[in-house]
Structures are given as C-alpha cells and as structure tokens.
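Just below sit the structures, each encoded as structure tokens.
Same chain, two partners: subunit A is paired with subunit B first, then with subunit C.
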Partner chain A sequence: MNARRLLAGPLGAILLALVLMAAAMLVAGVSPVDGFAALFAGALGGPNQIAETLVQTTALLFPALGICLAFRAGLFNIGAEGQLLIGGLFAGAVGSHYAMPAIVAFFVLLLCGFVGGGLWGGIAGVMRAKFGANEIISTLMLNFVAVFFASYLVVGPLRSPLATGAETAPLPPSEWLPILIPNSRLSIALLVAIALAILLRFVFSKTVFGYDLRAAGEAPEAARRNGVNMARMNVLAMTLSGAIAGIGGATIVTGVLHRFNTQLSPGYGYTAIAVALVGDLDPLWICVAAFGFGILEAGGLAMQASAQVPKDAIRVIEGLVIVVLAARRFVATQTEKTTA
Partner chain B sequence: MNDAASVVMLIVSLTLIKATPLIYAALAGVISERSGVINIGLEGMMVAGAFTAVAVSGPTGSVVLGIIAGIIAGALFGLFLGILATKFRVDQIVAGTGINLIAIGGAAFALVLVFGQPGASKEVPSLEGASWILIALAFASAAGLHGLLYYTPWGLRVRACGENPHAVAAAGLNPLRTRIIAVTIGGALAGLGGAYLSVGELNLYSDGMVAGRGFIALAAVIFGRWTPFGATGAAIFFGLFEALQFALQRSGIPNEAMQALPYIAALVALAGLTGRVRAPAADGVPY
Partner chain C sequence: MAVDGVDLDLYAGEIHALVGENGAGKSTLANIAFGTVKPDAGTVQASGTIGLVHQHFELVGRLRVWQNILLGREPRRGLVIDAAGAKARVLQLASDNGLEIDPDAFVEDLPIGIQQRVELLRELQREPSVLLLDEPTAALAPAEIASFFTTITHLAERGTAIMIVTHKLQEVISYSVRTSVMRHGKIVGSMLTASTTLDDIAREMVGGEIPAVADRAPTTPRPCLSVRDFSAGSGSNRVTEVSFDVQGGEIVGVAGVEGNGQSPLADALAGVATYTGTLTISSSKKRPGVIPQDRHREALVMPWSIVENAILGRQHDPGVQKGALLDRKVARADAESIVERLDVRAASVDVPIKTLSGGNQQKVVVGRALLGEPDLVLAYQPTRGIDVGAAALVQSRLMEARNAGAAVLLVSFELDEILTLADRILVLYRGNIVGTFDRAEIDRAQIGRLMAGSK
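After this line comes the complex of A and B, so read on.
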C-alpha cells in the first residue's frame, strides 16, 4: 500500500473525521483542544475508560464482521441491527429461563445468538434465492419487524414477574461472561470477537468455501460457471452473516446487560456498516476500525458532559465518513485509470 | 346512527392525518426509484424537513417560510444523494445510510445550538387549522406526479432512466442529469412530508419524531408497485392501521403486530406473494 492509497483510504478517513470533529466543536462554540481533550480523556483516560471503549468496540465488531462476510459474498446486509437483536433475544430468553453452569452457558447462549441471528439473516437469504427479493430492502424491513417481534415477546408471552419494562428476567450470575478488567463491563466477548476476526480472515484466504464466497461476490457469473451454487451461497452467506451479528447480540446479553432488553442496541448494526467500510472489508482492519469507532462512541458522552459538544456530532461524522469512503473508491479507480 | 357516522368520520380524518407524511415520502421514493436511484435516505430527508421547518418558523414567526425552508432542506439532501449516486458512483445504499446518519445526527446537534435544549424544540408557529391544505396537497401531488411520469416527455425520460439509462444516453440525453433532478424533486417532497409532521400536525420538533416513516414509505413504494397512485394507496392503508392502532389494541390484536404490518406487507410483496412485483430494471444500478 503506497502513501497515496493509505491516505485515500483508512488514514484519510481518520484525518477527515478529526477535522470534521474540530469543525463541529467550533460550531458548538468549544475550542477543539478542550473538546478533543474531553473526548480522549473520556475514551482512553484510565483503565475504566479504556474498558468502556472496548465494550463499545466489541459491540460494533460482531455486526461489522457479519456485514463484512455478506459484502464479500456480494450481498448487502443492512439488517445487522435486527439480527443482533434477535440473537440477543434468543440468548436472553433461554438464559433467563434455564439455569446453567458457566461453561455450558458460555457455549449454549452464544449458540442461541448464532441461531437467532442466523435465522433472521437466513430469511433474507431465502427470499433472495427463492423469489429474487432484493436483500437490501428485505434486511432493512426485517430490522423493524425484529424490534416489534422482540418487544411483543418480552412484554407478552415471555413476560417475567421479575422484569421491569421491555426486558426478560435477569440471567443467573453463573451464566454471565467472565470479566476481563475488574470492576468494568468488559467481558471475554472481546476475545471471542477478535478470534472470530482471525478465523474469518483464514476462511476468506485459505479455504475453498472462502474462495467460492469471494468469487460469488466479485465475479458471480464466473463463480456460477465454475460450479458455485449461487442460490445456496446466498442463503449460506446471509445466514452466517446474521449469525455473527447474532452472537454479538448474545454477548451483550450475557456480558453487559445480563438480561435481554429491547433497547440493547443504540444502532450498533448501522454504525457497523461504517466500521466494515472503514476497515476495507478486511477482518483485521475491521478490528482497528471498531476500536476507532469505540473511542468515538465512548468518548462522545464524555465530550458532551464536560465540553458541552452535543454527542450527536458523532453521528454526523460517521455519516460523512461513510459517504466519503464510498466516494473515494470512485476517485481511486479514476486515478488508477489515468495512471495506468 | 349519528354516533356510528361520527366514529367513521373520526377514523377517516385520523387516517388522512397519519397517511399524509407517508404519501409525500412515498411519492419521493417513487420518483427517485423510477429514475433508477434507491432512496434509503428518505428518513433523513424527512428529518431535515421537519427540523428546518421548525428552526425557521420559530425565529421568523412565519410558518410558510418554515415549510418552504423544510422543502429546500429536503431538496438539498436529495441533490446530495443524486450527485453522490451519479457523478461519484457511490453505492446508493451506502450514500442513503450516510445521509440518514448526517440528517438525524445533524438535527439533534443543531437542535441544541438553535433552541439551547436537547430532545425537543420550543413550540413554534404552526399551520394549526390550516394543516388540511397540506393534506389536500399530498393528494394533488400524487396526481401531479402521475401526470408528470406518464404524460410528459420528461416523465418518459425519468422512467427510461430507471429501466435502461444507456438507451437514454444513446438518444443523446443525459441520464445522470435526469436522475439528479428526479432525486432532488424527491428530496423536496420528503422534506415537505417532514415539515407536515413538525409544523402541520404538531408545532415543534423532537428527536425521533419521524419515527421510521421514511422506511415505512419505502415499504409503501414496494407495496404500491412503484407507481404514484399505488404508493399513495399503500400509504393510506398504512395510515389507516396507524389510526386504528388504539381502537384495535382493545380487541386483543397485539399493538406490535399492527406496527410491524407495513414492513411485513412490504416483505410479502417483495417475495412476490401478492402477484408479480417488479422494480425498475436499473433501480439501484449506477450509470
């Protein structure tokens, strides 16, 4: 990667985000020095702050990896938000209903998230394979159905006398994920996410399935002629993509909230689209991007509280970064053409 | 008998009120998708319209100026999407997602700066009793868009851009420009829909007030098979269910099922279970 490409890519996006952030602070009448000081102190100022940043990183990493897998297969999954929610719902419903020893709970509840998210993603995959339904629209619509489905279940049939509001009963402590940094909310979910990123990188580059998946995304006609069953690949990729986001939902339930709540995600599934793009659809770079967005998410609140810059500025910057990164692909291909 | 009649009147007027913002946004979706640009950013454009209308109506004291400003704000976001999707060949879904984040975050950010408080604006001059004008205008817009798309040369060009932009270019016309104009008009309509919410139905802006209507409108476009009258019908249908929500809640139908209805209806239509549904051939395909 030469300097120009690096600047046009992730590095440029980070620089742009910082400049825009400074502009937003000036608009809000705050000196960027104070604003950034508050942001970084809030995100990285001590063990507790770093732990909270990593909690946000983890929450973004799972859906971003799921989106990455679908993207690589040529499918646009904007339903990570719903898949995450249903994954969390499955884990919360099973976890709060059955008491399990720690080691069993770890696998069973993550599997619940995998199955829940996988089912939700799989619906869109089947709709595309069987009826040719555009997966972008179907995953988007399924996000809303997921919210109403989950809130119906937790206030209705799954209602627990122990619950207050739209949530399940708490999980027994034996089912909670072990904590990495004492007195924080950071659980071993972070390690699971990083392991998953490494696994995905391996699958993409070293396995036949990964090769077929990328072929289906990059050259569908060639893949089909080489014997890749495209309908099957669509269903499989959407299911796995949803399943990965679903595991993320399960870890929020077992690691952070210790119950399922319909408010469990403040839009992780949407921000994760930006994370996947900034990470250039490479699982390891996505880990780095997720940490960057984790800093913004965790530091944003601190910035609002101590420097009076509304935290919503972060959303605007995320949106601009998405747009600019998507536009630079065009600029990059134009440059390649002219220099070739 | 009088009672029954007044109940029907109430349901009809409530349906019209709930359907109006959906109609504007659904028409916005129709014109932009018929030109070949999928508009995921409808939600953000409605937010921009709703917020700007209040931000202008408050300080100037003129609700008319507020509504015009809301239309312009929506149109600017439409122009932004149009240029990104054509000149820069940005993936339309990515661009729309970005626009939603920018508009929703931007409105919340600007709300604090303009009104000095988070969450909701102060009360501003609104249409009050005159809001029926925007309701009537929604139906007029549907008829107008139908006429524009099917009975004018420019409408033919828009539809051709959505089916086969290369043919449009071969005829010596510029499909990129047509798409940009179509998406900008769409943005203006979505902005008007947002303005109706904030200064027509209510008299303030609050975070989250658009509440996914931009996405329901997308569902209405699909359920209405990409035609102005179809989309309007779907918007009225979804508006009726929103109006009946409180009444039907007592009948034992879960509220959530009613709220999920537009999205499920769109999924069913997408799967082709309600007959042949076909999007414009070049919908979402950059030229």
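After this line comes the complex of A and C, so read on.
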C-alpha cells in the first residue's frame, strides 16, 4: 500500500472517525483533548497498559485474519464472532475435562479451537456450495445459534458444579498459555497470531491454494473456467476462516480466562471486520490495524473512568470506520462501472 | 482524453455516420450530445430535443412493449394507468413511423431486431429533432439491418437529423449522407459520403494502411474435434442435437446472430458447461486453447499482473505447480513469451492487467490460449472491441495456428471476420446448423438470409 492509497482509504477513514468522535465529545460537553489523553494514557501509559492493549490486539487479530481469508476468497464471513465462541467452547470443554501436560495442551487445545471454529465456518461454506445460501446471512445467523448453543452447554452439561456462574470448570494451570509480560494477561498467543499472519501472507502470495483462493475472490467466473473448483473453494475457505477465528477463541480460554464462558468475547468477531478492512485485507497490515483497535478497546475503559466518555463511544468509531470504508468501496466500484 | 476539441454539425433530414475504432471516442461524443456525460468544455445546441438509442438496449424485459415505450409517461385515469389509451397511443406512434409492433408482447420474448424497434419507438414518442443511434446494427442479422435502415431513412426524410455511431463501413457507404471519422478523440475527417470510398474511410480510421492477415497455407486435414447429436444450454439460447467436425489444419467459423446457441456450444466444448451427445477430441494435449467471449469476466483476473494471469488455467499442471507452491519462474517465462509472440504493449509483465488497453488484454488472452501449441483452439469473438491493428494480429496468430495443424473453431458475430478466416462456415440459427459452406462456395447473401432464419 502506498501512502496516498493509505490516506485515501483506511487511514483516512480512521482520521475522519476520530474527528467525528471529537465532535461528539464536544457535543457531550467533554474536551476532546481530555478524552483522547485519557484514551491513550489508558492504552499506552505504562507496561501494564501496553500489555492489556496487546491482549486486546491478540483477541482481534485472530478473527480479523480469519475474516481476511474469507474476504480474499470473495466470501463475506460475518460470523467470526460465533466461530470464535465455538472454538473457545471446544477448547474449554476439552481442557477442563482432561488434564494435559503443557506442551500437549498447547497443541491439542489450539487444535480444538481450530476444529470448533472450522466446523462452524464450514457449515456456512457447505450451505453456500450445496444450496447457494448467502454466506452473509448464514454466518450472521450462526452467530446467534453459537451463543445459545454455548449458553445451553454451560448452564447444563458442561457447567462446573463448583462455579458460581454459567461456565466450565477451570483449566488446570499446566494448560494455561505461558505469559509474556509478568503480572499481565498477555500470553504467547500474540506470537501465534503474528506467526499466523506471516503464514497467511505466504500462502496468499506463494502457494497454488492461495492463487486459486485469490482468483476465486477477484474473478469467480474466470476462476471457475480455469481449474478452480468453486464449491470446494467455498467450503475450504469458510472452514479455514472459521478455524482461524476458532484458534483465537481457544487462546482466550487458555491464555486469559482459563475457563470457558459465553462472555468470552465482547464482540471481537464484529470489530474484527473493521480491523480486516482497515488492514486492507493484507495480513501484515491487519496486524497494525489490530494494534490500533487494541488501543481503542483497552483505552476505552480508561476514557470512561477518567473523562466520563462512555466506552460505547469506541463502538461509534468502529462503526464509522466501517461505514467510511464501505462507502469508499461502493464509490470505487460505481466509478469503475461508469468509466468502463 | 476520450473526446478532444470536437466540432460536429448535424443537419435536419440527413443521416450522418460517425465512424472510428473502438476507443476513438464515438460513444462518449454521443453521450455528451445526449447529456449523460458532461463535457469539460464546449457546448451542444439543438433545435429541439435529442434522443439516444443505446448500443445495449435499456429495456425492462419483463414488461410489455407498451409499458416500456411509455415508461414514466403512462397516461392515467385517476390513480390507475389507462392501459387501453396507452396501447392506442403506441399503435398510433408505430403506424406514424411505419413500424409494426405488438404492444402487448413481453419485451424479453422478442427477437433483438424487434427489441430495438421498441427502443426506437420509445425515443420517437418524444419527437426528437435529433436522433443519435449508438452501434444500432451490432446485434442485428443482415436482413434486419436492411429493414432498420429503411426505417431511419424514412425518419430522416421527414426532417429528423440522425447520427449513427458505427464501425461497419459498408453500412456507412450504403446509407449515410455525410461521414465523420474519429481517431484518438478527435474528428480527423468530415466528408460527403458520396465523394469518398470505403477504403479511404478505413485508412482515415486507422491512420494508415490496414494491416493484412497472415496467408492461408495448404494443410493436411486430420480428425481432431468431432461432435454428434450435441445439445447444450437452456431456454432460447441453446444448441439442439448438432453434429459437425473440425479437422486439424482448418478454421471452422460458426456464423450467426448472438443468442442462437453460440455461448452454450462454446462453453460445453470448453468443458465448463454440461451437454448431452458425444464429444470426441483427438489431441495429444491436455486441454484446448480457449479464448472466451468476455475477457474481463471469463478470462482474466483484472487486478493481477500479466505474470499471474499467464498461468491461469494451468496452475495445477506439473511444472507450474511445484509441491504446494507456484513456480514463479515458469509464470514469468510464459508471460514474457506471450508478450513477445503477441506484441503486447505493456510497461512490464508485472503491471496489473487492468492498466492495459482492451486490445492488449485480448492479446494476452489469445497468447495464453496458444501457449504450448494446442491441437484445438476454441475462439469466441476473439477480436471483439479491439482496434484494427490488434485484431489483425490476433487473426494472424489464429491463421498461423491453423497453418501449423491446429483445429480452430471460430465463433463470431461479425460475418466479415468469419469470411476472412474460415475454411468452412456453419450457420447457427435457433440452436440448429441451418447451413454449411466450404470456402470455395461461400455465398454471403445466402449466409445472411440463413442467419435471419429464412431459406
């Protein structure tokens, strides 16, 4: 991405959203300087704040990478939230039921997340491939199914007899992800996510699978006529997309909560859509975008506490970013149509 | 700049032909005159309203003829549309202009020629003093073309100024009073048609001599493609139990008006659509070389480079695929070979293909199809929408493939292209082969009649 394109697109969208948010603060009677100062102090003011920002970054990065893969294949996966939740559910159910040594737990529980999320994404992929079901609708609806399904399990079969709320039993400490910064919640999940981003970029640019996937996304008819099995690609891309989000859910269980409950995600799977778009669907830029949104997520609470700006104002920024980027894409396609 | 400093006068009672190559700026000029495109500088003046008939009709297929003609101006009776009054108005309009039409027919059921009549009537009911027609004969059979020109000649005689935008020079010579030639956005010549010749206009259009197509060399036929009782497609656009052969070393041209089964035939032969019947391909190669109809949608990934596009379709072949990875060196070598053989004008093989002109994009598609010397080449409208120079190059490469022993099936809606290239011509009408001509016995008029469905 060159500087001009960055400014015309993602960066411009963020700047515009920040300006609008400053205006909203003014209307609410808060000085934007105070508001933003509180936001950035809360997110980057010290090692603990930075660690918490990176925890949020990690939680956003997995679903954003999953969404990136689906979008690149031309599939609008809006269901990362549900895929993340089911991934976490699988990891929590297995992890709380079996005690495993650390190294085994690391792989097995991430695999559980991969399988759970993959299954959830794969359902939408199969529905699209077999019946032509619109994946935007099916993935969105499956988010609700995921929440209620998980809720049922944690108040019923999976509920810990010792727990006060609706959650599984805690995972044994041997299964917890190692912590990167002492006395913080930041685990090695961040490194897993970054490694995944690098791997994804490699897959896109160097492998035949990545070539087929991008062809399917950029020019489905040309892809179909030139050796890409579109039905298979739809299933595969949705499955992998969900699986990546599912790993993210598993890392929240093994790295942060050490148990599964349905409050696992405050909407990471939705915010991740904005992250993926701001990152221009490029895995490495998505890492940068996830950090930016991590600042907002982590700093939002501090802003609420010290500047009396409600945390929900952060959602306003995220919403505005999506609207601006979507509008830009719409304008771009319309312009292409009229000049063609 | 699409149109640059153009002065053009249209006179009442005259048919004025605006000719030029694709991309010369003809359509843009028509759109400026009509008002859909705003000029950066300059003015358009007319003594009355201006009407425009688009190259691609802007009709609602599922509405009836009268509903389309009066769309937005329906006569009302209270809150409801006065259907009887509307139909009467349409019939009156049709008879005033000497055009026969059934106001109750659904537009999507009508042949293209009649649909165009609907489009024309819709413009005429606004009684324009100037009527612009953008490539009005592009989708018409030869017989329909003659009747179309009778209609507009009649209109001109009654005082309408008419401009037809076209690239078919024979029609210009036959029907227009004045001719203006556009090249690179400028009008490079304006003349009375009677005082010029077809060759002069063509040279003016291209800005030099017309490039020649490669010569036809003697070949030894051998069986390559054999099709028996072959059916494909659905609805009105399908082929029904057709049988034909294409030998190695010959070009078989499929002549016909668009929508008579060409697309399902080509798609089924290319292996991307289902069919019934038997299809036998005797070839030592893994797949035929395919030039699909729509290069943007079916052949190329527009944001990708020439390198990435060069291997599309062969990405799973051993040699291109190395383990799970793509061999970029192979892709680059293929891209460079395409660029060299087809004289593709691009800054480098790494630029996105969407930055190339249409002609150069098509050269990439053709070059890719001919990579590895396929025994069978399926070419569907291989020169659609590209300039004369690029078209001659593409046609030459197809002829050379034939001379080297390839079997070439050429589907084209331009009869002239088929007459130039084909060793044998099949005429396709409503999914059936209604005529077969060897090169020696070609009868242009007879082919034209068969294309329109008469004997």
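Definition applied: the second predicted complex is superposed on the first by the 325 of 340 C-alpha atoms of A that agree within 3 Å, B and C clash if a C-alpha of one lies under 4 Å from a C-alpha of the other, contacts with A are read in each partner's own complex, and residues count from 1 in each chain.
Going forward, a contact is a pair of C-beta atoms (placed from the backbone, for glycine too) under 8 Å apart; a residue touches a chain by one contact, two chains touch by 3 or more.
These numbers come from a predicted model, not from an experiment.
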item: Which of subunit B and subunit C A:I136 touches, first, second, both or neither; value: first
item: Partner chain in contact with A:V208 - subunit B first, subunit C second, else both or neither; value: second
item: Subunit B versus subunit C, judged by how many residues of subunit A each one touches; value: B
item: Partner chain in contact with A:F107 - subunit B first, subunit C second, else both or neither; value: neither
item: Partner subunit C, residues of subunit A touching it in the complex; value: 206-209, 211-212, 214-215, 218-219, 221-227
item: Residue ranges of subunit C in contact with subunit A within the complex; value: 270, 272, 290, 292, 297-304, 308, 312-316, 321, 324-326
item: Touching residues (chain side subunit A, partner subunit B) in the complex; value: 24, 27-28, 76, 78, 127, 130-134, 136-138, 140-142, 144-145, 148-149, 151-152, 156, 270, 273-274, 277, 310, 312-320, 322-323, 326-327, 329-331
item: Residues on subunit B engaged by subunit A in the complex (per definition of touch); value: 38, 40, 84, 88-91, 93-95, 97-106, 108-109, 112-113, 118, 212, 215, 218-219, 222, 254, 256-257, 259-260, 263-264, 266-267, 270-272, 279, 284
